[in-house]
Amino acid sequence: MFMHNKRLQYTVRVSETNPRLATMMLEQFGGADGELAAAMRYFTQGLGEDDAGRKDMLLDIATEELSHLEVIGSIIAMLNKGVKAQLAEGQMEEVELYRTFGTSGVSAKEALLFGGGPALIDSAGVPWTAAYIDSRSEPTADLRSNIAAESRAKIVYERLINITDDPGIKEALGFLMTREIAHQKSFEKALYAIEDNFPSGKLPGVAKYANIYVNTSQGEGDTNGPWNAGGQWDRIDDLTQTMPIDGGDGTASVGLSSAEEVAAAKLAARTASNPASNPRTGVDLGAGPGAGRTTDADLGGAEDIASAPAFAEANPPASVDTLTT
Amino acid sequence: MFMHNKRLQYTVRVSETNPRLATMMLEQFGGADGELAAAMRYFTQGLGEDDAGRKDMLLDIATEELSHLEVIGSIIAMLNKGVKAQLAEGQMEEVELYRTFGTSGVSAKEALLFGGGPALIDSAGVPWTAAYIDSRSEPTADLRSNIAAESRAKIVYERLINITDDPGIKEALGFLMTREIAHQKSFEKALYAIEDNFPSGKLPGVAKYANIYVNTSQGEGDTNGPWNAGGQWDRIDDLTQTMPIDGGDGTASVGLSSAEEVAAAKLAARTASNPASNPRTGVDLGAGPGAGRTTDADLGGAEDIASAPAFAEANPPASVDTLTT
Amino acid sequence: MFMHNKRLQYTVRVSETNPRLATMMLEQFGGADGELAAAMRYFTQGLGEDDAGRKDMLLDIATEELSHLEVIGSIIAMLNKGVKAQLAEGQMEEVELYRTFGTSGVSAKEALLFGGGPALIDSAGVPWTAAYIDSRSEPTADLRSNIAAESRAKIVYERLINITDDPGIKEALGFLMTREIAHQKSFEKALYAIEDNFPSGKLPGVAKYANIYVNTSQGEGDTNGPWNAGGQWDRIDDLTQTMPIDGGDGTASVGLSSAEEVAAAKLAARTASNPASNPRTGVDLGAGPGAGRTTDADLGGAEDIASAPAFAEANPPASVDTLTT
Amino acid sequence: MFMHNKRLQYTVRVSETNPRLATMMLEQFGGADGELAAAMRYFTQGLGEDDAGRKDMLLDIATEELSHLEVIGSIIAMLNKGVKAQLAEGQMEEVELYRTFGTSGVSAKEALLFGGGPALIDSAGVPWTAAYIDSRSEPTADLRSNIAAESRAKIVYERLINITDDPGIKEALGFLMTREIAHQKSFEKALYAIEDNFPSGKLPGVAKYANIYVNTSQGEGDTNGPWNAGGQWDRIDDLTQTMPIDGGDGTASVGLSSAEEVAAAKLAARTASNPASNPRTGVDLGAGPGAGRTTDADLGGAEDIASAPAFAEANPPASVDTLTT
Amino acid sequence: MFMHNKRLQYTVRVSETNPRLATMMLEQFGGADGELAAAMRYFTQGLGEDDAGRKDMLLDIATEELSHLEVIGSIIAMLNKGVKAQLAEGQMEEVELYRTFGTSGVSAKEALLFGGGPALIDSAGVPWTAAYIDSRSEPTADLRSNIAAESRAKIVYERLINITDDPGIKEALGFLMTREIAHQKSFEKALYAIEDNFPSGKLPGVAKYANIYVNTSQGEGDTNGPWNAGGQWDRIDDLTQTMPIDGGDGTASVGLSSAEEVAAAKLAARTASNPASNPRTGVDLGAGPGAGRTTDADLGGAEDIASAPAFAEANPPASVDTLTT
Amino acid sequence: MFMHNKRLQYTVRVSETNPRLATMMLEQFGGADGELAAAMRYFTQGLGEDDAGRKDMLLDIATEELSHLEVIGSIIAMLNKGVKAQLAEGQMEEVELYRTFGTSGVSAKEALLFGGGPALIDSAGVPWTAAYIDSRSEPTADLRSNIAAESRAKIVYERLINITDDPGIKEALGFLMTREIAHQKSFEKALYAIEDNFPSGKLPGVAKYANIYVNTSQGEGDTNGPWNAGGQWDRIDDLTQTMPIDGGDGTASVGLSSAEEVAAAKLAARTASNPASNPRTGVDLGAGPGAGRTTDADLGGAEDIASAPAFAEANPPASVDTLTT
């Protein structure tokens, strides 16, 4: 059961209002790596967890993240306090109000739709979605996801610190950033407290495919490193060996019932394309006489852009000649 | 630049069609941890990466994941081949066709909207979204995200193997699952090939908050472990120390201009609530005379559920009097 | 700041596992009117609220809703406990496991992707989105939204009670349902504790349009009631009076700069349609000779469905002549 | 059946083009409280409604909202008329065109993707979603939702009026705003024309939980008001009484079959964490030697931010020893 | 199987960094008509296609679109290269960094969340969704969708060219735009290589409804053209002929079982509205005394906006009387 | 301005209720190719259109589609009429009600959340989104999109007809399907009434890239057809010619300011990977001793799946040595 105390986990001192900075702070309120995502990630894992230690840890951190959601939300509320009141009371000239948030679509939505209240959207105005949460009920995978999530949240706080010059906000963000570091450490400890944690789950891999590195991207820039070279890897550079890798013919097939075969044959016949045809098409009908399609000489850097006649000519018999000469 | 060969990376042999199993396989085609998510995660990271080794690795693995997308998509196409043809040709009785996919909403969408073709939706019919991709342009965070993503994908393949009894599908899934293991190993190597990879980014944390563990969830079930106890941690059990943790007063404040203050005061006055009032409300208007609200004795296990008169009594004579006088 | 105790607000006793019932309970976990929506609705309003009484109430109820999220999530975790373990351990025959959740796409996603853990999706597998939250930072609007939200949540709980026969679940749902009723009462009191709460906001309406009821849907079924008839309404039945209602000409116009006028004229000329033409179209090219398009006599109830020749005849000889000459 | 007349319900006179103002107007075209949401909310309710009076009213108002969608869409089309033509015709210098909408992401999308046409997105460019519609097929809930929706729409129009200084737009918005007020009145009348409308639905609440107010948020700021105090409420301040409120032990449990128990035990054993361990983790591997992590003295307001050595020290020699021995 | 070469299909030369222009280029990276949409559209069609020629063509073009995704993504990476490094290294003054992307919400998200990496979002920051893909497994429909998609992509590239003055970008965009033209030609050929391609699918239409044009929008502006007039059309101007068009009574009905009828009757009775009532409503309770609602004389253009007393007057004495007697 | 008549455009006669069939019909109510998508597609185009003929046609067809939305919605309401009443009144045994819609997640959401009312979701329960609408304000692109959309909608209706055996529904669907055919014809006429309609927009393509067909997918299955062969095409089979196609070096580059160069260099140095390292990684820490990872002999078809020891061996003693020395 949750309880709440009205004091924040960290005191928030904002120097002056700034609705545009508020929209940037939204990234950690209703954004992909924001505090709601963190809280819900750990809370849902905690609910489904049976291991006592992990359950306790997940609920501890989930609850703290809710308190962080409150801190960042309070920062946003402070930054928006002016525009909220002035918009609600119609206290400024229209044109001034419009300018206050007018050059940013997100500030506009924050003001017009949400009235300056902290909304669960990101810095581009996209509503928070549970698609951000990647809990899978397998602790060795979930803990890795949590480690990664804390690492990402740390970075986003760092970037927000880098664009803020309000000392009170900077300090609060520094606190929040640091807590992500501490949480990452906890999740690392919990992962390695599961003795056999790799690979995740129960099924082992197929031995013959487990150490192969396929060099699918080739050309200048091919580089060796511990991720693709050394004793742990069998690297495949000749890609024909992987077409397919199993030694079969690389096709897909399925057994059909006789009724299915009949239907499939009818479908094939009905929708067959005639590769020997040279049909007249909608494009042929629609390519104009070219009168209005002169080369746009201003298209800097692409001086050889085709005039429309090239297209008209490119379709019928005549045009082949035109093109190839 | 990408090139394609029509042979698959792994030969696909499906015993018989099964549109419902097809919808489950969609989880790894258009699902959150599916192959498109994997391919696009690494591809977008690769495009923005300047480190030669990591760029090469990311493009290698991205390209391989595209080939896996093709394998899992081919399995889905095979499993749906019957329903696709029979629905298109109207070859079965209506009622038979309806039954073929009729008990699952997702099969219905797969058949009715997508006609049995492999669609970029998950096993519940939700379209794939780039919200699944958590690349952040910071390699120490991205590589951790990649490690976690491979770990999750491995688990989802394991579950699909556990519900499939078609040997050809099982074998192909085993191959795909194993490749996720190999990719995880590559990403781990790449992470630790960055010497100083923790914490992510450049800014260090605030020392005094970095080793604190806040025991925010208390009561029976509190457990010690390396994630919250031992020499690396300062654990706080007395939560009043964290209200707030910075020694301030735990409130949020902002400096307002005088115009903002005027507007805020007007807004406060206009929307003030009167805590001393006992207003008659819409609920008072709407709670019926109770005649029709007898206790529902059949509501097994909640025998004491209130009859509506309880509500009428709760908003009682006094307030009615207030109105009518 | 939030705190947590591991005891639930309501004890959860589930008789037996049932993954399909679990997916239905998801409606109140990650659904549109579920407990996360409730908690976040009130929490975000509370953060932005300056009125002491409303702020206190919003935070009280938000916190309680988080505890309800925990209760409903625990029910889901219990209902899924069997499928989670059996899928993870591969303890059943494939085909049995498949059948356990196999006929419902949502159960499949719950099992395959989320491994049986409580996920923030609704009963159809759609991820929770903050688009469900309609807070607007205007208390007289927000409180009405809260009243409506509680009313909706009450109904969804009622429906869940109606399809459940597990007494422990029924009892817990009865508790949760009742709390929504209590919350609605609080929000009603808070709304009417704002003396002047209608219309919302500060600007009054335009007097001459405020009491008009436009009877835009006509024909059999037109009904009078207090919503469109009586002394409070001026009803318009003759719709020509509303084309437009302001007495103007009912068009839309804008002042253009001369440069804009030039561009607009060029655009109009370039994309002008020729209403006097009778162009041959892609459809004319594509309508087959009709040989394969016989009337489908089995299309019960629509025996006169056109054969393809009808279409061929509809795009007739004349245009063919035009083309071939 | 719907019919249409080309005259608008309100004449639209826009002084001059302004693509940025257009994006703000989108809030009421494709936004959460916009006219499409209103029209579809009432239309879908009307289709499912059997009560003659409510059905008539819902279809009347739904149809009027479609006409309002047309009015607001026409305003947007007018405001964008210049940028549409100039972008299509390439009539301006690139850099001028870019500046015209260049500072707002939403204007960019409006211009680049939608070519200046009215699109069903909100002021931040997010596509309209039916997730905004909260119809539940229970009239006492739906009418409350409609009341709230009209109240919200009124506020958004008020805000748009407050940022617009074009008199023609202001006048049209004033009309649209006023109609929301009138609609709210209709829905209120319809709600209270259902005699017993609270609580929604058929099931009464559980008496003993119906009048409780749980003071879950405590500390300075606790306030009394009619929503939590007075004869209608039993307020709980001692939260231990609600852990749990039912007098049970506050845990969650489920009956498992023996096969489920076996699987659960295996799962628990396989994923057990060892709380007595002090494992070396990825963080220990990755925390650098600290050389490059000096205190960032420029991080204004957080002068005591930890240097990286703090982290190195926190994961210290001891654990390395543990590993290597 | 896919392979990759590190050389791009088109060389990318960007003159200077420009994060705002980068966000506009996102339209063709993660936008609705961008290259991922194109690649996935054709790739998923190709996987499900059995016709050899179409399958080959779809895979050819899908693969080329992936290479285009790489080209446009590389442009974005180059445009963001400065902001990425400066934000990561904290090399600029906070306020400078903030200004660099500060006026556009999308630039903010690109920088703060994605760190300047190419992200699969559109120019308004909305994540790419597979809802953009409209493949239906019917080649005559899919090819038309492909033709339309290429036509749209061509336009978006044209608009991007019109706002760019960097010659290297312009040239690359010109190449990409031209390829869409070529692809459209291929799809047109493939459509018309299916001899009988209209109407799509197998079932013919119902003859008597196939040539009707219903003039549902009437009034000034009614125009004749080949789409509604001429020998191919039977135009209906008198709309009463279409209420309904089948000659029935235009109602909807369903056969109910007796149990269903009982339930329906109970539902109707329970939720019946009383059209003869004149209920006092929440609005009556909430409309203030008008003291604070004076006409806002500044609401330019709507000088006759109602003062609140108008509303108070519209509701009161009469209805109160009705209630109290 | 819109008007409405309560008679439907087509009489709806449903034989008996069927909530599962109702969920399938949702595909054309709130689905991607459903009637709302159609109506809004043409309506938004019509609002932005200046050409009188096209504007008239778009508004005509948009309005008719709204009437079709009403017809399909009425079918859904009829099919759900039983479950709606029985769920609302709690008239059936819990278990019966549960079974009525219990095996399909979408039916569950339709019943539990929407109470059986027609909701703007598709057959998988996904809410309608304006992302389905692809209007671009360029008539030659929009008309092609409309043609494709009608073609798709035709197919979805055909599939619904193929799974329905209720003659009244079949007949109504036949009508709706036929209207899509008629609308396609109108849009084709309108497209070709624009004389010069290919390529879309104003800018011509670059001549040298306009007739190239790149054979990017090679291997068995390569096929010639009018889409890639013949006089209109220059086919490239040797893909090295396209790396890059412009004759440059196929790289991406950007001009950086000196400050940007400094930052980029610092970023590169800080995040450099060391390709010569062989770091110990998290995987090395986490791969268990193999004791518990025996080959799963039951994994039918993949008998050679690796035991965990294979992984332990792959990350072997050697690397530990490397680390500790």
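We call the chains A, B, C, D, E and F, going by the order they appear; numbering starts again at 1 in every chain.
The rule we apply is simple: a residue touches a chain if its C-beta (ideal position, glycine included) is under 8 Å from a C-beta of that chain, and two chains touch if they have at least 3 such contacts.
Note that this is a predicted model, so its numbers are computed, not measured.
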Chains touching both chain C and chain E, listed by label: A, B, D, F
Relative to chain C, chain with the most remote C-alpha centre: A
Far-end chain from chain B, centres as C-alpha averages: E
Shared interface numbering between chain D and chain B [over half = same, under half = different]: same
Whole-Å gap between the CA centroids of chain B and chain F: 19
Rounded Å distance, chain E centre to chain F centre (Cα mean): 12
Contacts with two or more other chains, residues of chain B listed in rising order: 1-9, 32-33, 53, 56, 59-60, 62-64, 67, 74, 77, 84, 88-90, 103-106, 113, 115, 121, 124-127, 129, 131, 136, 138, 140, 147, 155-156, 161, 165, 171, 174, 178, 181, 184-185, 189-196, 198-199, 201-203, 205-206, 210-211, 216-217, 219, 221-226, 232, 242-244, 250, 264, 267, 270, 273, 275, 277, 279-283, 285, 292, 296, 299, 302, 305-306, 311, 314-315
Topology of the chain contact graph, where touching chains are joined (line, ring, star, complete, other): complete
Interfacial residue positions of chain E with respect to chain F in the complex: 5-17, 32-33, 52-53, 55-57, 59-64, 67, 74-75, 77-79, 81-82, 84-86, 88-89, 91-92, 129, 131-132, 134, 136, 138, 140-141, 144-145, 147-149, 151-152, 154-156, 158, 161, 171, 174-175, 177-179, 181-182, 184-187, 189-190, 192-193, 198-203, 205-206, 209-217, 221-228, 232, 242-246, 248-257, 259-260, 262-264, 266-267, 270
Touching residues (chain side chain F, partner chain B) in the complex: 20-21, 23-24, 27, 31-33, 90, 103-107, 122-126, 155-156, 159-160, 162-165, 216-222, 239, 242-244, 250, 264, 267-268, 270-275, 277-284, 299-302, 305-306, 311, 314-315
Interfacial residue positions of chain D with respect to chain F in the complex: 1-9, 30, 36, 40, 43-45, 47-48, 56, 59-60, 62-64, 66-67, 69-70, 73-74, 76-77, 80, 84, 88-90, 113-121, 127-131, 133, 135-138, 201-203, 270, 279-282, 285, 292, 324
Sites on chain A touched by chain D in the complex: 1-7, 50-51, 53-54, 87-88, 90, 93-95, 97-98, 102-106, 108-109, 111-113, 115, 121, 124-127, 138-140, 147, 161, 165, 167-168, 170-171, 174, 178, 181, 184-185, 188-196, 202, 296, 298
Complex contact set, residues of chain E against chain C: 140, 191-192, 194-199, 203-208, 210-211, 219, 223-226, 230-232, 243, 273, 275, 277-279, 282-283, 285-289, 292-293, 295-296, 299, 302, 304-308, 310-311, 314-315, 318-319
